């Protein structure tokens, strides 16, 4: 699970508001894209220099600046100056070890979220950070990785027919959040499948690797939970609608997102319950196997150890052993052996060990 | 347990409010029934085309439209247009992976609930979704499956004598909720019986399949809990009576339903406590069995291994072994054998292993 | 534990407010007793027909109607009509599967409680339901079983000297609740004794039946808890004193009952903690026993198996085995045997297995 | 742990407010001491008859009546009459099975607390009850046992220099509470030492008695917790300062006591966490030991059982066994034996069992 | 873990407000440093006598007095008199067994915090106490140990360019708190590394020392948690900004610290979850190992014990044993032996034990 060991400590002792990128450098180059639109107008441009975006800032059209990659600190600094973002806010954008949160700064709202995706190569869940700054007529989104999570939204905006072009910046911010939350369901379904697969493996043939799988799943759920619980709070604060930047018509949409986050939390808690139940099953099946092994050993040993004793008796070399002389001696011993063996078997059958 | 693996992810990336049916198609054809009544009048009709219902909408009589089956998206769309339901509300009706909730939309209240029933064929609990839209003079209910849960209510309305015909749409919605909640008790009783049965099996003869039964029960309780906890919230919000659509005379009825949901939650929590105790019992009884097996092995081995050694000694072929020549040698060995065996037995008796 | 498997489901589908007795029929005949008193006057009568009580209703004297046995539905119906009790309230009286609760109906307060008693025959805790309707000048109590829990209160009322006769209906209701709560302490003390007894058994000689006893205790505590937690809420609501039916002078008495319920809850939680600790002790002592058994087996087997090998060597029939010819061969073998045995014993002593 | 099995049930059925002493009689005679002081004046007297105290009641000086021993019910009754204490309050003083609590009776505040001390003879924690009645110019303290917890306070009052003589009755009550809470730290430190001692024993040599020690500690913590949690509530209510009997200058002192109670609760919860971790350690070390025992058995048995088979083969008495005739037969067998043994040892070394 | 066994009890019975140093004496001499600055002016001096500082108190410049070492009680007393600190506040500074807290005393705010650092020599986390008194123009900090945690802040103040010199005493207090909280991340990262290291050890080769490591980690997390949870409360109270000593411009900074404390708590809870999961893994892997050991024993014993019996049979010395005379007898026995062995191996393969 990525996202768990970022070097936060390198900031210790620095003055508050010092800008340092904390996190892995996930892509080579920072990509900046600006989309400017209203119902009538649409302009989309990929820019090299962040200053090119600033001309779009004024005017009544909605401006969306999307930045993929966070390791070039100066870009954040320039945007910060242009849009008068608080130094601590800029610091938070760069620090990818943030907890999801929302902050109302009056002229803009600052939202930090985590995206979930499944890395097919590393076979693990990838958690990445998205920061969104929502102003009256602009939205700036900062994305840690090189993702395509917002491509469908861009497509919808390009399309003149949809609702999107008639709505304000708050609706744009909502669609970004909605897209992120919708991706959670995808990861949850993958987890659900892995859990079902593991449960079948548990019943069919529990192995030490099954245990490690369970443990890995448990850890992933711990980290997922850490990302999702504060998300609920974030959406709940937005939904309460205390900022004039969010119009009251948005409430029904935000309530819908809120319902989704509750559902996601529900699912994670359910998964946790199921996974911790699986551990009990695993331990029980270990005990069961041990019992079975012990029974086999006990049955075999308990039957043959006394028999070996009996034949040992007549292997002794005493000069005077009356039975040895008798012609029926050997057959009598076989008789005793068979009787003892049958007796033991009956006993074990009664005990239900066989 | 059905209801746990619906393909929610197929909506990811779509524009909010896009209508897609999420869930299994549980029946072949969608059935639409309309009942229109007041104290004097009663009309009941099964319609093929949803438009036939809309004539009943106006007028002071209570109109109940009941729709079984959700996979025909256009029906929901037409109703949505006619009754001016918000696109997100329509989306929620179609998405059978909803959490129970209540939403006040001013001119109507939207309620999502889960029904519980026991599927005798699959031997599992079936969770299905019912959505209810309550307006001033109409109730529209959407049911995922092909159930008979509302048949008794229809019968009561047909009957002119009962209280039902004198009451408003809010009372009708209440009776629908009440009928759903009453069915929960039925499922809880079945679970209670299975738990008692398992407890007896645990004491009598615990087997690996018992463990799997316990695990299955535990999972079912996890899913039940997920359905029932939000139900409490739903009824509690309705009972607070902040909507003018619900008259104050309904409060005592809704409080009654609320008491029932609390009782159901209580029972589920109690079941969870009992079932998790059963796992401890199972593990302990495994340990007990292992102990018993080990004792048998130990008693047999500990008695016969030393004896086999003794007889082994006199099986050696040394030329000079004084005891072998003595006529009493053989009998002396038997004496030693018997003494050792008795000593061991006494020791085991003292240890309470026998 | 009685009280856990009542057939609530037989009500499913019936119109709300339909009167059906849910629960066991615990006594043959319903007994109705009416006591009418004020400071100067006292009348006590056992009546056959409920109508005889109604004459006492009017007038300023306090009237207490006590009904033991709930299976005659008409009695409840008649009382309901006479005292204008809501149909759902009547339903609740008959349904002995209620959760303790309090409802303020304006002219009367409805209280549902559970009594605890210990059934010496069945060796289990009996949970029964008492419903109390408190009006301005009357108290009606409905008791599921055939108990004597209120006998001492009747005696105190008969007695002209006590405080009881000077006080109102609210004080009478309080004394009923107080008597019920006081009985809880009795059951808790019995449980406390059983727990202490079990703890001693655990240390002295843990057996599978001890485990079953622990499990039974655990289940009883689960059910007790389910009865007692809502009781706290009930008394707390009464104590808040929002109803004009309860005079402010009652507050100090109700606070006292409230303190008792908190104490009872505390004790039950403490018992739960102790009992769940006992299970750990039991499992540990099983493991300890197993360890002991294994050590005995290992010591015996580890000493004698190598020795048996040694004597086996000289039991071989090779023609050319030089040691066999030597006169000291036999004694040398004994020497080796004794050395090996002593070495093993020293090793085990060092390992602290002996 | 004393304090857990008081006969509360003997009050069941009695009229509320009936005075009965519940608890052990901890000392022979009840001792009554009265201290009357203001800044200028100081009088201290041990009285035989409670009436002697009542003359001090009037007047502006602070009067502290301290009663050690609760089994003489009449003393409480007389005080109750003199200071107009509610019958239920008197009942609570006598009932030493109370939960810590505070009650504001207008003209006086009633506080119930638990003292902790360590009984060196019985090697257990002793929990005893102190009730304090705080009026405008008087404090009455009732102590269940024969303690010296308040001696230092008396000494401080005798001393004319200290702050104590200038302060009111509320400060006196505060010092009593502070003295009681300070004693908790003493008991916590003793527990802390026992825990450390046990932890070392666990690592060095876990024995069944270690388990019993852990269990005892766990039980003591359960009972401590039951005493301390309500204490926090008591001090918190006092600190909120809603009663005119407590001057606002006291707030900072009461906040200090409140901080101490929080710290005590923190320590108890920490101890609980540590102790429950110890149980896991104990169980793991049992499993470890078992593993070690099993390995020894397995190594010995696995090496010698095949060898015994080999020598058994050549102990057979067949007439035609070619190897027996060969002069190199015996040495060849020894060669095989040594090879097998070495092979097994190599295998075990690879498995890291040796 | 230091900080867990301070002798708090030596205060029991003393008058409240008596000044006694509780804690270890961590350094030889108390060091006092005073820094006095505003935007224009900067003075820094290490003083021997605390009185030298008091001249800085008056005047509009910000005065920071930093005291390292708490064992000289008179220093605290003199400061207390000079800055009119409440006796209980002075007591709290000296008592290093405090819980983090904040107290508003009107003219000054008193803050108690814990610093975390990792002691490389003792290989354990060191918890030390810092008390901060924040007035209108002064900050006094008391530090238990001899640390360098505030060196970087002093350097930043010396530097005329930074923001620091323009800000008030509240900003100085904030930077102190921020520095302390930033150090927490450092300790958390160390813990995170140890956890990862342990997890790998668990999978590769679990040993009893691994268990002790887990247990140690668990204990450290328990103590960390005890230090960090109240910290959240402290910062939350400061952030609410009810004191005029903290200007509203500070809110955004304090909110930032608050976010950090939440993140720290999150991490600790996550670590706790992971560590408690590791214990389960450890126990399971013990069981797995035991299973493996048992299988080896069972396979070997189950194959050879019957074979030893067979050869034992033909080691008997009966005069009349027909097989012994046959020339094919010996080879037949070998045949039987090989057949039995193969049968057993097939059985074990089928059981998946091999």
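Which chain is which? They are A, B, C, D and E, in the order written, and residues in each are numbered from 1.
Keep this in mind: a contact is a pair of C-beta atoms (placed from the backbone, for glycine too) under 8 Å apart; a residue touches a chain by one contact, two chains touch by 3 or more.
In this text, all values refer to a predicted model and were calculated from it rather than measured experimentally.
Asker: Starting at chain D, find the fewest moves between touching chains needed to arrive at chain E.
Answerer: Graph distance in the chain contact network comes out at 1.
Asker: What rotation angle, rounded to the nearest 5 degrees, superposes the C-alpha atoms of chain C onto those of its identical copy chain D?
Answerer: 70
Asker: What whole-Å value do you get for the distance between chain A and chain C if each is reduced to the mean of its CA atoms?
Answerer: For chain A versus chain C, the centre distance works out to 42 Å.
Asker: Rounded to the nearest whole Å, what is the centre-to-centre distance of chain B and chain C, using the mean of the C-alpha atoms as each centre?
Answerer: Computed value for the inter-centroid distance: 26 Å.
Asker: Among all residues of chain A, which ones touch two or more of the remaining chains?
Answerer: Answer for chain A, listing residues that touch two or more other chains: 283, 287, 290, 294, 297, 301, 305, 308, 312, 315-317, 321.
Asker: So how do the chains connect up here, line, ring, star, complete, or something else (other)?
Answerer: Looks like a ring, each chain touching just two neighbours.
Asker: Output the circular ordering of the chains, read from chain B in the direction of chain C.
Answerer: With chain B as the starting chain and chain C following, the sequence is B, C, D, E, A.
Asker: Where on chain E is chain D touching in the complex?
Answerer: Those residues of chain E that touch chain D are 4-5, 7-9, 11-17, 86, 88, 91-92, 97-99, 101, 103, 205, 208, 211-212, 215, 218-219, 222-223, 226, 279, 282-283, 286-287, 289-290, 293-294, 296-297, 300-301, 304-305, 307-308, 311-312, 314-317, 321, 323-327, 329-330, 333.
Asker: Report the residues of chain A in contact with chain B in the complex, numbered from low to high.
Answerer: 152, 156, 162-164, 174-175, 178-179, 182-183, 185-186, 189, 192, 196, 203, 252-253, 255-256, 259, 262-263, 266, 270, 273-274, 277, 280-281, 283-285, 287-288, 290-291, 294-295, 297-298, 301-302, 305-306, 308-309, 312-313, 315-321, 352-353
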